[in-house]
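A, B, C and D label the chains in the order they appear, each numbered from 1.
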């Protein structure tokens, strides 16, 4: 019995080692639920937008473009989502920062307009949402509705 | 006789509306139905893929990435869909053409691998589907299932 | 009564055609007329410019470069036209917006200088004009002359 | 009198030397005439194409897209014209070359498909024409009609 306990204690670090290099990630089902919530929020006010969900590396998991949304928003929504994922922060933070510090605009993958939000699980980044199509403040409201559905 | 004249006058605006420079397009609902059909076909064989639906100009309307799909397929599926939309043909046509005519590989926006299909309405291009993740022949089967749902 | 039924049956296909997912678009003839008007306005003051007309997705329909125009304007005129089409607004709006909100400069396909104008038909975007070569205010005057010819 | 003639003959090479750092170039009027001829040839067979005329550096002077032409041809026609201008040869030469020598495909600005032709004046390159939309052989016929109008 004592032997078994010793074995268990000796094995423990290996078990936890084997289990340690893990990270949470967004599934397609997560992305659909997030997008559905964002799309519902947008439709509530007849806002036409593109809704993007990305993984923690800024890779697309889901994109949908509501009919009538300006074409330019397809790339803008992706830029916002990528920026939020790669820098783990709301793109609103960059929007505010560039006023005093325009040099931020020279950084790759920075989209300095509200509408991109990171998505965390237990403090770990798992992805992001990016919304574009209406005003940046409205884009932000839609993005927030999406994050809340996660 | 007078009645016919009235009918003609009533019909006139509809005729002229119908005859003006108008073209059909894919809606988000169309894109979702197409994507759902493609995703169902993929799941039937546990194939992990990215499914993209674009408009006639090669702009994204919808993208979804099934869990576990290789990251490279996110851009490949878009490249296939764009190629099929911009050149109004299956990317399989390019795949076959480059064997005798390798110069095709030098053309912008040509993806010369099966898995991209144009979508037509009454002979007019309205968009395309692009699939990537498994073998190109399997990608093609999934894309075909998507088109059939339109 | 029977006659009305026949009329209704005759009308039906035109109604459904008119109501399906259709959108207006610019023809090459439209683009030539728009470009001719813009070119005439430019020549009136011996202004050397590039004049671009694009479709609603920011694809080129027509481009012409007046002799002696600076080479840089070839791409600038396209950037303005693309921005106006993709965001359905005058590039002057962006030029003004970036003063208070410099983050706009980080958005893909935004050209924040006057000289790009969207073109609408019955409230639906059909394309755009982009002009570059002289001062941005003068570019704007030429672009406006083009739009008025549509 | 005879002396004057001798002086003139002696001076002639110096005059031409003084005038030598000059090169001919295509005007917008040239480009329109070339494009009109190409467009007429295309319409003769109801071929839908994009017609591009560039200067000797591969910069756009003129572009026009016939209604209904596949969107992909907008960039392909430019790629062909640029290739013909930058390498002073028909893109058909590259199309043939890549069969034995596929490495040509790795070179920047090479479009290895018929439909791009250089335009010369007195043996000096002044620009090029690029056509895309139908088969590459048909594109070539249209491009040729354009060059002949110069």
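Convention: a contact is a pair of C-beta atoms (placed from the backbone, for glycine too) under 8 Å apart; a residue touches a chain by one contact, two chains touch by 3 or more.
Everything quoted here is computed from the prediction, not taken from an experiment.
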{"item": "Chain located farthest away, centre of chain A as origin (C-alpha)", "value": "D"}
{"item": "For chain B placed onto chain D, the superposition rotation in degrees, Cα atoms, nearest 5", "value": "95"}
{"item": "Separation of mean Cα positions, chain D and chain B [Å, integer]", "value": "34"}
{"item": "Separation of mean Cα positions, chain C and chain B [Å, integer]", "value": "26"}
{"item": "Where chain A and chain D are represented by their mean Cα positions, the distance between them in whole Å", "value": "48"}
{"item": "Centre-to-centre distance between chain B and chain A (centres being mean Cα positions), rounded to whole Å", "value": "28"}
{"item": "Shared-contact residues (touching 2 or more other chains) in chain A", "value": "71"}
{"item": "Chain contact topology (line, ring, star, complete or other)", "value": "other"}
{"item": "Every chain pair in contact, whichever chains are involved", "value": "A-B, A-C, B-C, B-D, C-D"}
{"item": "Touching residues on chain A, where the partner in the complex is chain C", "value": "70-72, 75-76, 79, 94-95, 98-99, 102, 105, 110-113"}
{"item": "Chain B-touching residues of chain C, taken from the complex the two chains share", "value": "3, 7, 10-11, 14-15, 17-18, 20-27, 30, 55, 57, 59"}
{"item": "Residue ranges of chain D touching chain C (in the complex, touch as defined)", "value": "27-28, 31-32, 57, 59-67, 71, 74"}
{"item": "Chain A-touching residues of chain C, taken from the complex the two chains share", "value": "56-58, 83, 85-88, 101-110, 125"}
